[in-house]
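These are the structures in question, set out in turn.
Both complexes shown next keep chain A, but they swap its partner, so chain B is in the first and chain C is in the second.
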Partner chain A sequence: MTSHSQRSDGPRRQSDGNAPEASRDGQAGQAGARVRFVRRGRAEDAPPLRDDPAPRWQPALLILLLWFLVWMATKGSDTLALQGRDQTGIMHALNDFRDSMLRGRDTNPVMRLSGTIADGFRGLVAWLQRLISIPAAPRPVPEIGWLGVTVVATWIGYAVANWRIALLVLGTFVSYGAFGYWSDSMDLLIIVGISVLVCVLIGVPLGILAGTSRRANAVIEPVLDLLQTMPTFVYLLPIVLFFGIGSASAVVATVLYAAPPLIRIAAHGIRSVPPTMLEVGQSLGQTRAQQLRKIQIPMAKRTIIVGLNQTTMAALSMATIASFVDGPGLGKPVLAGLRINDVGTALIPGLLIVATAIMLDRATTAASERADVIARGGGLPARVHRGILLGGAVVTLGALYLSRLMFWAAQFTDHGWGRRLAEVTDHAVDSATAAMSPITSGIKDGISYAFLNPLQDFIAESPWWLAFAGIAALAFVLGGWRALAPAVVCLAGMRALGEWHNAMITLAMTLVATVMCMALAVVIGVAMARRGSVDLAIRPILDAGQTIPAFVYLVPVLALFGPSRFTGIVAALAYAAPVSIKLVADGVKGVSATTMEAARASGASRMQQIRLVQLPMARSALVLATNQGLLFVLAMAVIAGMVGAGALGYEVVLGSSRSEEWGKGAAAGMTIVLLGILLDRIARRAAGPAPEGTRWFPVLRRRGH
Partner chain B sequence: MKVTTTRPLGALAAVAAVALVATACGGGDIKKAEASNSAASSSAAGKKCATINMAVNPWVSYEASAYVVGEVAKTKLGCQVNYKELKEDVSWQGFGTGEVDVVIEDWGHPDLEKKFMKDKGGDGSAIAGGPNGNKGIIHWYVPPWLATEHPDILDYQNLNKYADQFKTSESGGKGQFLGSDPSYVQFDEAIISNLKLNFKVVFSGGEAASLEAFKKAEANKEWLIGYFWEPQYLFADVPLKAVKLPPFTAGCQDDPAKVACDYPDTILQKVFSSKWAGQADDAGVALMKKFQWDNEDQNVVAKYIAVDKMKPEDAAKKWIDANPDKVNAWLS
Partner chain C sequence: MTTDSALKVRGLWKIFGPKAERLIGTPDAALSRKDLQAKSGHVIGVRDVSFDVAPGEVFVVMGLSGSGKSTLVRLLTRLIEPTAGSVHLDGIDLTGMDENALREVRRRKVSMVFQHFGLLPHRKVIDNVGFGLEVRGEGKTARRVRAQDMIDLVGLSGYEQNFPDQLSGGMQQRVGLARALAGDPAVLMFDEPFSALDPLIRRDMQKEVIRLHHEVGKTMVFITHDLDEALKLGDRILIMRDGEIVQIGPPDEIIAAPADDYVKDFVADVNKSHVLTLRWVMRPPDSPDEGVGAPTLPQSTIVREAARTVLAHQGVVRVVDADDKFVGVVDDEDILRVVVAEQDA
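On to the complex of A and B.
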């Protein structure tokens, strides 16, 4: 339930009773809100349709024309392209900052504090690792072997949820061992567990603060925006500086990435407690603290649990990135597969990450619903349930005991299944890519020469002042003053950081990728909305696309397209398209049945139905999908830089791997952030009278479903 | 509610207590292994061995060296070896914090040496560990078919003649020069601009991508020129041909922006954390100091890992078992 939908429905706010779902689907709920009035035949209550008095594309076209004319005369001058290893003053300054921090490792109070924190995390992780994942010398195996851990986890699954979850947990844990990744899987769970715990300790209080105090929210919100727009690689640079390599950095990076959704959703939960409830409390003489404790937090509990779920998923998706700084976990074998160009090796741990995500998602969801199920009288009789729990506890203790004593219960015997499966996969993918690569390189060349190169020539070969003025003017005609101001600030920042030329190249790639993303989203999304069977077939693929680490499909994509910008675009599409597709599908589905009936009755063909009724009515979903697509694509800029796409992404990779280029990488990272804010602000304002719901975008951006 | 939650908990605690007692005095095969482990470590031939944190930089031949010497330390000396997959720069930063003890194959990083080695003016957290026996050869290479059909391409002065052939969608009208992982020692952009070559560097992103590109270029007779290096197991299958650049002279690479010469052959070095290497009487330190092998040995193990897809530990073990003489020389 976003505030937007509340407003549009007026005082008769619908009691959907699915608040958590609405915020999980985020915009789908919001997109549906605009359509809902049609279904209810309450058009008089509807917000005014956004028919602009003067279409905004006309002045925009004029600006582009002017830009083009000036470009003809000036192209190639003042592009601020950096030659090779050139660095600007600000990059040197950043380098010096890094050096002084490093030198002050033992004296600088900030460095000493971060060092102490890092030691704490490292110690905790090492302790847990000896408990369940690595040999605890002098024992040749961990303190608790696989059998013990698996049975304990299964028992917990039953205790907090139900037997179905218990089976899911059992299956997941057994597959960790069966495919030969037991220890890496345990490491992953340890890192995710600690990170989520820290997220809760930090995030819930911050969320409550942001939910109760407008002033605190004004500070917290932009920080969260920043954290979520920044590609994760960018903050690995400073994190390694302050927390060293290894598990401590992995935890810190994961927390920074995973905490924002929890903070946002918790704040939203607190804010959406109806004011009447608070008034009741007030009239009873409650203090503010009492209100918070007795009314707001209990009522927001459900929403906060949804936030927790989002945070857990986000923490899992950091797994591979954290491995770049030697964070333990399943990301390591994924990266190893990338190193030897072996899809099979990367795919299996990748799928285990997906399986872990499914397990944790279903388990936390079921656990949060359990109270309701019991309240409604569902589930087993309490006595039977207790009996099973107790019996399970005895079995669990037996398993623990065995796994401490016996090798077979402590160490998974490797039957080589994982290896064989990896070989088969690798072989299949190899022959498939070899067969397809002539076609795919044709596609790559086609799109690169027809769209990417001309657009890049236009934007990046413009003198910087021309591109600056052009983008600012476009921001103004599309979004008015409220888009112009942030645009100018961002552009000025990008200019100052010295990565202007690369930023423009990245911008061109981002735009092309977004257009392709939206093309896919409309075609597939509409098909999904119109046919339930298509939806059923495609949705699991989309889910997997969102959870599987990008590095898994980097290998085949690289084999298909070679190192190029287009490869980067394809990788970005694989990541961005699922979200946009889902948003479009949900938006189109939201078009009311009666409207469609009327369209059909008036004899509209299928194409006409789509073009004239469904797409226009799903407009806000389309706008949102575009915005999301843009930001998702940009979030992949750094990964694109690893597969030959160059520009800003490459500079970040360079900075994280070469000490003398650190400052350059940091500057490029900040430029990506500015570019993201710039695009987001323009897209948001351009989409109309600032739908308030878009403030939710980052939650969605990270976890689209 | 209270009662329902505490009752199973109480029972649980009771069972737990019983189980713990049973574990403490029970037998079982792990107990025996544990006992023999602690006996072994207390009687280990006089010399102790501290933990070794081994950086594993992202190319396969490095991995081969790291795991071979690491597995020797593990199995023959009983050291605890932690492998850490890190890029070069981050590895060096780890010397000071105790997170990294050994870099087994360093291709030369003057910038890092200045920062971390005492004799170069750094903080002294790193110390040179001597050559590891491998010789690093970096050049610009073309696939063999190209060298056969256009032999004159092997001289840089003729490259501009062919620049058009190397054009791709990425190279902006110039010829494409394939760079590799940005973390490697590369001066190609400077060399190209200083030699006035009509080429543009496009980075493949890593070893695997470069390797794949050269394999594909040879198989499909595509035009390709790029940065590559030996020791590399690819040369056994696809003997890439080097393009001659102005020869390396001492100091010609000192200013990265002004480089206009070929890469020197590098005697690859070991680098240690000074604190770790300073431990007297440590068997692990002695082993790392002694470790040396040649390019051929390394290629064998690298091939086990990358082509036969063996786990690095298993690949190392296979080589160790087949070469007891060489291994014993490191241990004596």
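On to the complex of A and C.
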């Protein structure tokens, strides 16, 4: 009974802690949380004690037992596994739909609009490519050669940030050329540049609108939710339909992926301007426009710049993934390497992507810090700074001139370093993996045989109706009606789309990866929260992990574990764990010092402190971490489809590149979305009321792919 | 006084909640704050408040936390919309005004000093001070000149180019003060301007307000929950509880004749001899010529200042009113009663 009351207090106290704003809001929030709590009890139609989460596991176990018994008798039948490249009716229908859209390219207004936009982007990308990346006929080289581009970039690095950033830029650009990936690198930067520009043009006004108008926010917020919960890959398919394969789709996909964080953060920045500041303005008689211009935007500026950094990193991540739809850039050679499981080929461009990520991250961060210093009248004396800039400009002009005139300055001389390095690394990787193979294959087999295979057999080899009923029943006992309803809708949708068997395989993988992710998150997160030194050591690694585009993770994981389902799981884990670990660490750290002192004073041991105080009080953070973990794992499951994880991911990947598989890919994509919603809803309801509005924020720092 | 008052407030109500308007005039409006909240979820912020403030007066509103002071002061400029009642500022009715006219009033007639200063962190001191002028569209040079004057006035010369977070709390509030003065408003409103400052600085700032009041002679509405501050600054004090007026009067009257136990508790710890005037300690004369030849003091003399004269003189001292009419007498015992009561407390 004590544990019961302690638990039901949890979320309420949490929501107190989450609303440190004005006491007025705090009161409302508190009341809201309480109401929700009561309602949940009623929804389950259970006696008060059943509100305790623990006993809910008993009926869940019972259901699993029943499921198991029926499974023994029926396994292997009605699994709806598709043979080979079979397609179901709905997939043909999707293909037909695609064909009719394509036929209507010149008449259908939507298609015409998207065609015009696509032409615009394609033209812009091509123009920039001729400028810096590919030969601009009749010249055998681009308009501006590598020397010019490199020096200009270095000069910009100095102008917006400082000399350290300038050196970083210089090093990165030189390595693009030295390793023989100059054009691909330039292409990547072109796509990222255009996308970030479009993101800013669209995102900042939208963010300001969402931040100032409740009504606009009510429209924008759900759209952003949808875009951000959808695994990235899934939107590539419809985008390809409307914008065609190539650079236009790459830009559109990147914008759709990278704009939401900027919109969110901008809106958040506007909204978190303290109400007193607005009151000050009002008391002086300012108009709405003045309020926006003189108070809200200036005060939100720093936050918006943080958003810009996030957006840039997200854009880089998506721009590499866009190589799946033939988007130009460094993603292409990585993808080519992955396709043939040649780690050596994929490694160098992968590392260049990482270098680009570091460069962009550092440069945007340093630029915003410098803007702050300058705004406050700090930094070098203006005259000195201007002098250096001017000198730099002269050098830059000289380099530009040279790079148009001299062949050596226009095209990087191929010393064959890149190729040689690729061979060397390939060798090194081969021998390293061979050396580690007893360990890696031990882990791989252990997890595969102990968890993955049995779980997959159980879920995917059940007849579809059994799995359907089992999942729905679990949703009900874990989360009540409010989990059951969406669960049934999602399951029915998945059944109708015809990718049931693959969905069940992906589900099994996702569950295993999420459980592993949470285990890691709890162990590492608690350690970080309890010891500052651990936090100091680990947080930079997590930050770095979140800066690296998701796609790149696949390369080392593939090297270590070879193509298999387990590789997908490890990649998903590497991708999802940083976020979950941080959430848990911050949640546990948020437990008040007084409470901890009280626990110590009453003689609780270390384990007791963790088990009885810290974890229960950080419950909402745990819920959040699980939810985020799930979504991230699922997003990665798609990308991992191409390194042997198979199932839904593979279908989507195939569908995005092969015309006749489009319908199948689209069906698989939609199935993934449904799977995501299904898991998200069940997890959320099962955990009780999740703190609203906190879902995205703590993950802000980096939201990789 | 009603005709030429700087501020005239009549029957002002604020009820927070969705159906506030409909409550006015119903029996529910007479319920206590707690009962009404329990019954309908509405919170009474200010209940049926009326008062006048004379031009040049320092009018202090005080009460415990949650008594509705901030709400009241915001109703006066319609930063919060009143549920019922009227506010006249300088003879103009604010309550019926449209947005534009109201904005004009806020730009020219009244300005506010906030508890947490409300300085814009991205602007330098000089631009914070000139902010109101900028809002009402004045040119940059005019703005700068005026802002510089105000900065000099509040004693911040030399800090024009600093950012707010480079100043101490007291200095920040001086900036807030300068900003409020810059627009040359008829009325200044202060919402607990000094409660975020430590006691020494607070005393400095109170002196500063008194000095400024002497120099610029503005009408001031001053919110505080600190009785000493109220007594020190106020020409008159309004005491609030649960959104209602409990008592309005000059400081000595509040101390000497508290309207009820609430006010009595409030003033229990105060240095009475610093506030009470002879008017409140004298007794009526036994005869018109009692104490003839003794020293004479006006009845507005504060007890502490009268003490020396009274104690030095054997027997009673005569007290006269503003017209020099003989109204009462005080002796050593009357004075000592006030001083001793204070030491017992």
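Keep in mind that, in the parts below, the second predicted complex is superposed on the first by the 403 of 705 C-alpha atoms of A that agree within 3 Å, B and C clash if a C-alpha of one lies under 4 Å from a C-alpha of the other, contacts with A are read in each partner's own complex, and residues count from 1 in each chain.
Definition applied: a residue touches a chain if its C-beta (ideal position, glycine included) is under 8 Å from a C-beta of that chain, and two chains touch if they have at least 3 such contacts.
Bear in mind the structure is a predicted one, so any value in this text is a computation, not a measurement.
Asker: Name the contact category of A:405: first (chain B only), second (chain C only), both, or neither.
Answerer: First partner only.
Asker: According to the stated criteria, A:594 is in contact with first (chain B), second (chain C), both, or neither; which is it?
Answerer: So A:594 meets neither chain B nor chain C here.
Asker: In the superposed model, which partner reaches more residues of chain A, chain B or chain C?
Answerer: It is B that touches the greater number of chain A residues.
Asker: After the superposition on A, what does A:287 contact: first (chain B), second (chain C), both or neither?
Answerer: Only chain C is touched by A:287; chain B is not.
Asker: Which partner does A:376 reach: the first (chain B), the second (chain C), both, or neither?
Answerer: After superposing on A, A:376 lies in contact with chain C but is clear of chain B.
Asker: Quick check on the superposed pair: does A:279 touch chain B, chain C, both, or neither? Answer first, second, both or neither.
Answerer: Touch status of A:279: second partner only.
Asker: A:58 contacts which: chain B (first), chain C (second), both, neither?
Answerer: neither
Asker: Check the residue A:301 against both partner chains and state whether it touches chain B (first), chain C (second), both, or neither.
Answerer: second
Asker: What part of chain A is in contact with chain C in the complex they form?
Answerer: So the residues of chain A in touch with chain C come to 276-277, 279-287, 290, 294-295, 298-299, 301, 375-377.
Asker: So in the complex, the part of chain C that touches chain A is made up of which residues?
Answerer: The contact residues of chain C facing chain A are 74, 77, 79, 102-108, 110-112, 114, 116, 118, 120-123, 131-132, 134-136, 161, 163, 179, 183.
Asker: Which positions of chain A touch chain B when the two form their complex?
Answerer: Contacts found on chain A: 83-86, 99, 102-103, 105, 115, 137-141, 240, 244-246, 323, 325-326, 332, 335-336, 338-342, 345, 382, 386, 389-390, 393-394, 397-398, 400-401, 404-407, 410, 419, 422-423, 426, 437, 444-445, 448-449, 452-453, 555, 558-559, 562-566, 641-644, 646, 650, 653-654, 656-660.
Asker: Any idea which chain B residues touch chain A in the complex?
Answerer: Checking each residue of chain B against chain A gives 4, 7-8, 11-12, 15-16, 19, 22-23, 26-31, 33-34, 37-38, 41, 58-60, 63, 80, 84-90, 92-94, 96-97, 99-100, 109, 111-112, 115, 123, 168-170, 172, 178, 181-183, 189-190, 193, 202-209, 211-213, 216, 256-257, 305-306, 309.
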